[in-house]
Structure formats: structure tokens, C-alpha cells
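Got a structure here, written out as C-alpha cells. Questions coming.
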Amino acid sequence: MLSYIVRRILLMIPVVLFISMIVFFIIQLPPGDFISTYAAKMTTGGEIMDEAAMQLMREAYGLDQPWYFQYMKWMWGIVTEGDFGYSLAFNRPVGDIIGQYMALTLIVSLVSMLFTYVFSIPTGIYSAVKQYSFGDYLITAIGFLGMATPNFLMAIILMYLSYVYVGDPMLGMFSPEFVDQAWSYARFIDFLKHMIIPVIVIGTASTCDLIRVMRGQMLEEMEKPYMLTARAKGLSEAKIIMKYPVRAAMNPIVSTLGWSLTSIFTGSTITAIVLNLPTQGPVMYNALLSQDMYLAGTWLLFMAVCIVLGTLISDILLVWLDPRIRMQRKGM
Amino acid sequence: MVEAAATAEQQAHPLLRVEDLNIHLPSDGGLLKAVSGVSFQISKGKTLGIVGESGCGKSITGKTLLGIQPKHAVTSGSIHLDNVDIAKLKRNGKEIRAIRGSKIAMIFQEPMTAFSPLYTIGNQIMESILLHRTKNKQEAKLMAIDILRRVGISNPEKRFTQYPHEFSGGMMQRAMIAMALSCEPEVLIADEPTTALDVTIQAQVLELMKQLQQEFGMAIIFITHDLGIVAEMCDEVAVMYLGKVVEQAPVREIFHNPKHPYTRGLLRSIPMIGSRKERLDSIEGTVPIPINRPPMCGFYERCKVRIAGVCDKQEVPEVQLTEDHSVRCFLHGGQDEGGEQS
Amino acid sequence: MKTMFGDFNRWTQLFRPKKQQETYYAASHWRLMIRKLMKHKLAKASLIVIGLMYFIALFGNFIAPQGLDKYDSVYLNSKPTLIRFVDTDGKFHFRPFVYGMKSDRDPVTLRKLFVVDTTVKYPVKFFVKGEEYKLLGLIPSTTHLFGVEEPGRLFLFGTDGMGRDLFSRIVLGSQVSLTIPLVGVGISFILGLVIGGISGYFGGMIDSVIQRLIEIIRSFPTLPLWMALSAAIPPRVPIVQMFLYITIIMAFIEWTGLARVVRSKFISLRNEDYVMAAKISGVKDSKIILVHLIPGFLSYLVVTMTLAIPSMIIGETAMSFLGLGIRSPAASWGVLLQEAQQIENVALYPWKLIPLGFVVVTVLAFNFLGDGLRDAADPYK
């Protein structure tokens, strides 16, 4: 098991390196660079930057060199010093900015994921056990609707409803009066209120997805002959369902845990932009638009690494959960 | 003569008595009459074979005895075990669950899939012991290991902690038998227990079952399509066709004096060592689907000795030929009574 | 002689078609699949909805009363016009009509709003003359399906902040929103089939290289990658080119899923006896692939493709919504929803969410159709 994990981690290194190269290539694809965007902005502000000044700035930031050279420099910085480059828009190191937004991003993602699992697993079980009942049809219908509505649009609808019925669209993380205050009970409650919409919005798609997966898995497992064996022993139906099909259906669900966290993590980007949450989404969106390449690049790389890590965690969980696979891997 | 008297006495107090069992499955095309009017009984220490082709309703009959037939099945008739009518008990209710596994146990056809791959064999055997015999886990474990040893599994302490995928097919079937016998049931229903096994393993498992029957004294209902196994294992045979028992008799009678054309056809299709026949007889055609079937003999289409205008016009009543031999065929009488019915 | 005759009889029996069995066992796979799909009510309804959507998109210029960019600075943010049969006097009119609109100001907020002017009536007419367009991009025409006479206005879904008719824009926007996923899936289909096929059929070194590549591409976060790639599209490219870029971006990730399906099917079919038999008989690789392998799993591919469309629709909507996808002057449903980004807009003019309804209905329809197809793909079950 341990050697399996070590091997998988070693395999990750070239993959991540390759990904970082593609990321950097994509980031520098747009014509022009940060300096030209910056100059254009200055021009609209009334100031004019001449070619020489732009050239000077480019040299200062190393933007005059070919992309692969910039990439090497960037990578070298990351590997040797943990330096992710410098954000030109923020005038601060990229590592700083990511660190600042990461905590809140993680909190939102984790709470959303918790919501997803706590809600979807029992619902999926209920839906499968009561197949073709009214409740099952209702859950299935809502599930389809939730999957068909793009997250960010649901955010708008919820904001609208909140605006109409509560009088506040619940934008941002805190109400304006709490933004700069220290943590207090009132602030915490305000924070929780503001979390409702993001959690619902970010969590709904994956919740609907999970309910469907759980229901499908349950139905499949409930058809298996071992259900009959268990019934023939005289176990009660509830006990049978909890011990056999639920446990079996949980395997694929739990094994996608790592992957699902990262998908919530990246999927929340647009929602965060719409809801104006101070998470990484809006920041990176602006970085992409203004060609703040190191910030955007680091963010993309970070996401990709998250997915690779998530997949690794999922695989390990799967091996750990299923005795059949566990056996095969013992020798490795 | 003495033996016959003993049998008669036992039949007066049978262990399990099934009367007029009907199992109907509503389906898209109409009502599927999987089992209709099946009656049989079995005494302690005896083996009843239920024989028939696939789809004749023998398997669902076995499941219904335990109350584990499909949810949408509609059943009627009675299944008496010690004065309790199992057919009347609430599905998955407390009373029937107390019977399942402890008084009536079942062995399934596919040992590999009948166990959950996620739990150890020991865990799954202990389950019914903990449910019916003792609440003490340590004691239950000892009992489970003991029963594993008794079904001939070597090193049962180690096997106890292993998962199903670490067992071979024959071993699994032994484990399955161990699970069924763990609470010393009065009736054991074996649903094609050897079909999925190699021939040599088949023989071992059958031998084991015989020996355990002597040890435990339980009654066995042996559901199979294999007449060879019936000859070896059973005391009493019920031949089923299209949801009905077409002939029922002691095993000797079935093999030496078969009455129903279907039983005869079945017997002719067994290869015999020393027989010089070049081709084995087979029964032409396939089993019809019992949906929206008019009242007529189920075997009519495939029967070589059918009487047109009689067999396809009415239900065939059961004819009692001797005390323990009954048959459903107009060739052996019953036409007058049948005429009244239609 | 008799035995010979008997044998002969047996042979003819073998070749005599059995009429009854043919209906079920000998019908082609596709026929069975379609038959089973038609039994799936939801899938059938979805198929009709999708057909209708594409019909509207195809004849969009004819159905839309106005062109994409026709605006009316008098009628900014006008609410949907009600089509009436009964007038204020309670009189029933066989021909539907609309009332005129008067611009007014809210006495409290002083916001501009429109009130119904019941003094003038404009009957709704069919096949009216209007802006010129080219039907199917070829036939010049000025006839529109319906409309009202000047100076009457018929805004079925209201207007946007620039006074453009939302209904017309939804109809014309569907042309983009509904074709991008189709072309995108088409591109990923070809990529997936070719690359997955090569990977699965030849195996070995090629296979592992391709598999690593797919793994790497799949480890990119979909939406951020789409964002990054879309940001790379130069700001002022022609509409057609922009459309192509977006489609390619959509297809970029999607093909990996298809390639995986193709590969696994190839591997499982490659070891089938009939493929082995063809190989031994010296049939060319290309012929084996085309004649024996692809038909064996085409139905599964169709299912995978159908189920890939919804995520593409949502992806395109999201990109366009953020201003990273289709940009004006072109319109797609996502572009139309851009105005809904401001909560005030939604609160005051809720009809601006109507395009969302079209997105949801289309996505649902494709999902149901995909589900139905998946069930039908195994008609023997």
C-alpha cells in the first residue's frame, strides 16, 4: 500500500511539470502582455506611455524574453524558493495573494461539500429504497432541474428571491457594516447568512449529481443476489440496506471525495464572480483579463495540481475501501 | 410394509405443508401466472425434489416459502410450518424474520454472488447466528467456526477472516451451506445448489448435504433441473411444468413408472450408460410464456400424445393414481371432472 | 435416399427465414434502438422539444419579428406585450391584437415605465413585411412570421436595456447557442474516434503515450481552462472565427471522454472471436475497424455524445455570460443573460431571465434524450 502511494506520487511529478508548461503556454497566448493592457488603461486615464517606457518596464519584469525562457525562470523560482512570481496588477508576490484568498475559498468549498454529502447520500438512499414513489419522482425531478440550471444563473435567481423577500441580495461575504469589524457573534451570524446562497448554489449541481449516482448505485446493488441471502437469514430490511447496498454504494461515492472537492473548488469560480465573493474566483478572472500572467498561471497550475491530488486521494480511498482491490495491491 | 406405514404416519404430521399455492406476477403484457395451484408436503429428514426446466416456477416457489419472493408478486394459498401459515405473515415482518434462517434456511445457486464481497465470510455467517442463537459475539464466532469445520472447510479459523474472493467456487458453496445450517434449520431449501459447480465438486457437495441431513435431521427441498441429482438425493419428486405440478410421486415411481408425457420426455433425454441409442430424445419446442393463457394443458403444444379438442379446451385436474402418485394428464382420467370445471 | 432427403429438408429449414422471429431478433440494432427509444415517453418528448428548438434556430430570421440589432430607443426595458383576444369592453376578437404603449413616469420613483394605451389596437398579423434577411442564409426575403403594423409594437418577451426585442434575440441567439455544442461535439467525436481508436486498436507504446496525454488534459480544471483559453481570443476577431475558436475550446476537453469510451470498447471488441477471425483471414486493419469494430459501439458513442452536449451548452452560456465567449454584435443565450448580471436589472425587469428558461429546457431535453438513448442502446435487455 505504502509503495503504491509513493509510486503514484512519483508519477505525479512529470505530469504536473507537463501541465505547468501547458498552463504557461496558454497564459501567454493572448496577443500583447500586461504592459500593453496597462498602457491602454493609462491612455483611457489620460496619461500616455511611450514605447520606450513600455520597453523599459518589459525589461524590468523580464517580459521581453521568449515565453519558454520566462517559463524556466518561473519554474526555477517555484522549485528553489517557492516563489510563484510577482503580480503586476497587485504589486505583490503571487504567493501572498493566493494565501490571502485561499482560506475563504477553502471554507466556502468545504462547507459546500459538507452540505453536498450530508444532503445527497440520505436522499439518494431514500430515493432508491422508495423507487417509483412520489418522493422518488419529486427528488428525481428536482435533481434534473438542479443539474440543468447553470450554477451562476441559479445564483442570480436566489439573489433575486432574497432581494424580493428579504430585501437584501446577500452579496459578498459580509454585510457592509461588518466588513471591517473583528469577529463577533453578530458578525458570525451575518457570515452564516451570507454563506447560505453560495453554499446552495455551489453545492446544488454536485448534490443533484451525487443523488443520482447514489440512487443508481443503490438500485444496482439492491438487485444483487446477496440481498436475497441476507433476507433469507432473517435480517430486517433496514439493517440489510444499511449493511449491504449502502456500504457498497458508498464506495464509488467516497472514492470520488478528493475529486469532488476539487470540482467544487474550481466550479465555484463563476458563482463567486456573480456573487462577488472575496474568494479566488473574481481575483483570477481579473488576472486573466488583465494578463497578469504569473497570478493567472499560478492559479491555473494550482487548480490542476489540486485535481491531480484529488484523483490520487480518490484512488487511495478506493484501494482502501474495497477488499478485492486491496488484495491485488498488497503485492505491489 | 412397515416402511410404508411409517411414511403414512409421517405424512399425517408433515413438517411443511404447502396447499394450493399461487404466485402471480403482474407485468407489462398482463398477469404472469408463475405458479398456480401447487401443493406438496415434506416430513422431517426427507428430501423433496422439485424438478423442471428453467422458467417453470420452481425457483420462485422456493423463495416464496421464505417470503422472499419479488415485492410485486401476488401470492395466495397456504404454507404451513408447525401450524403457522407463512403465506399469511406480513412481508418482512417480525414473525417471518424469526422463521427465516432459523427454521427455514436457503442455499442459492450462485455461491459467488450470494455473498457480499465487502464483508468477510465469518462476518456473514455470524450474522444469522447473532440473530437467532446468541447475542454474544465471541460465542457466535466459535459457533461459526465450528459449522465451517463441519462442512469440511479446512483451517476454518483462517477462513473465517477471509473475503469471498479468496474462496474457490466449491469452497464458497460449502460456506453457503454452513451459513444455511448455522442455526440448525428444520427445512433447508436448496435452489440448484450445484449447478454453478464443476462435476467433481458437485459430487462432493451432494455427498456433504446427504451426510449433514443425517446429522441434523432436517427436511430438504431440492430444486433442480438435473434428474441425475434427483435420483441420488430425493425421496419424493414433484415435476413442475409452466407453474404447475404435473406429476408427483416417490422417486422410484417417477423413474420406473412415469405417467405424464412431460416426465417421460425428461427421462428419455437423460443419457444412459450402456444404452445403444444414437440420438438422445429431446422435447421439441420451448416453454410457452404463461401470460393470458386460455385454460388448457400447459404441455399441449409440445405433447406427442395430446388429444385435440380435449387437452386444449380445459384445465387439467389432478388425478390421484395411487396413494402417493398423482398426475395432471387426461390420458390418466379426469376428463369428466374436467368437463364440469370448464 | 430417405436419409438424404431428410438431410436436405434440414438444410432448407436452416435457410428458410422465420417470419415471426425476424420481427424481434433479426431487426437491425438501430431499428430496435429507435423502437425502444420511442417507448421512453420522456425521451420522446425531449426529442420533439429539441427538434422544435432546432427548427426555430433554422428558420430564426423568419420567425423573429426583428433583426438582431434593431433597437428602439423609445422602448428601453419595455415589459412583454400581452397578446389579447378580449378587449377592455369584454368583446371577443377572433384575430388577436395588442394595445399600444404609452411612456410614463412612476410618480414615486420617477422611473420611466410603460403603460398600456387601451385607446389604440393593433391586430396581430401573420406573414408581414419587415426587415430584409436571407432565409437559410440564401434566399433573400422580407416576410416575417408575425408582427403588428407601425407604430404598434409587439415585444413577446419584452425588450432589453437598448430597446431590442428579446424574443427576436432569443430566436436568433439560439442559432449560436444550439450550433456550438453540435459542432463542438462533432469535433470531439472525430478526435475521440481517431485518437481513441488508434490507442485501443494498436495498444502498446502508442496507447500508453495517448493515455498519459488524456490524463494530463483531463487534470485541467474545465471551467478555468475554458476561461483562460477564451481570454486568449483576440478582442476583435470576425464573428465566424470567434465562433470557431469557442467551439474548438469546448471540444478540447470533451474529446478525451469520447476517446476513453472508444478505446475501452476497442479493447473489449478486439478480443472478440469475429474480429480475430477477420484478422486471420487477412482483412486489412482499416476494414476491420470500419466494418467490424465501429458499428459495434456506435450506439454507445451516440449516447456519450448526447450526454456531452448539455455541459457544452452550459459552458458556452457561462463563458458568454462572463463576456469571455461570444461577444456582441453576435448573440447567444449567454450574451442575452449578461444584463441579468446586475441584480437591479433582474429585480426591475424579471423578463430578462427568460433566456435562462431556454437554456434549462434545452439542457434538460438533451439529458433526458441521453438517458433514453442509454436505456435504448441495449435493446435486447
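The letters A, B and C name the chains in turn, as written, and every chain counts its residues from 1.
The criterion applied here is as follows: contacts are C-beta pairs under 8 Å (C-beta built on N, C-alpha and C of every residue); 3 or more make two chains touch, one makes a residue touch a chain.
In UniProt terms the chains read A, C = ABC transporter permease; B = ABC transporter ATP-binding protein.
Predicted model only: the values in this text are computed from it and were never measured.
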Topology of the chain contact graph, where touching chains are joined (line, ring, star, complete, other): line
A-C or A-B, whichever has more C-beta pairs in contact: A-C
For chain A (ABC transporter permease) paired with chain B, centre-to-centre distance based on mean C-alpha positions, whole Å: 56
Centre-to-centre distance between chain C (ABC transporter permease) and chain A (ABC transporter permease) (centres being mean Cα positions), rounded to whole Å: 27
Chain A (ABC transporter permease)-facing residues of chain C (ABC transporter permease), complex: 212, 215-216, 219-225, 227-229, 231-234, 310, 314, 317-318, 321-322, 337, 340-341, 343, 346-347, 350, 353, 356, 359-360, 363-364, 367-368
Residues on chain B engaged by chain A (ABC transporter permease) in the complex (per definition of touch): 63, 66, 68, 92, 97-102, 105-106, 108, 110, 113-119, 124, 127-128, 131-132, 163, 165-166, 176, 179-180
Chain A (ABC transporter permease) residues touching chain B - in the complex, by the definition given at the top: 224-226, 228-237, 243-244, 247-248, 251, 322-324, 327
Interfacial residue positions of chain A (ABC transporter permease) with respect to chain C (ABC transporter permease) in the complex: 15, 18-19, 22-23, 26-27, 29-31, 144-145, 147-150, 152-153, 156-157, 159-160, 163-164, 169, 171, 262-263, 266-267, 269-270, 273-274, 284-285, 288-289, 291, 296, 299-300, 303-304, 306-308, 311
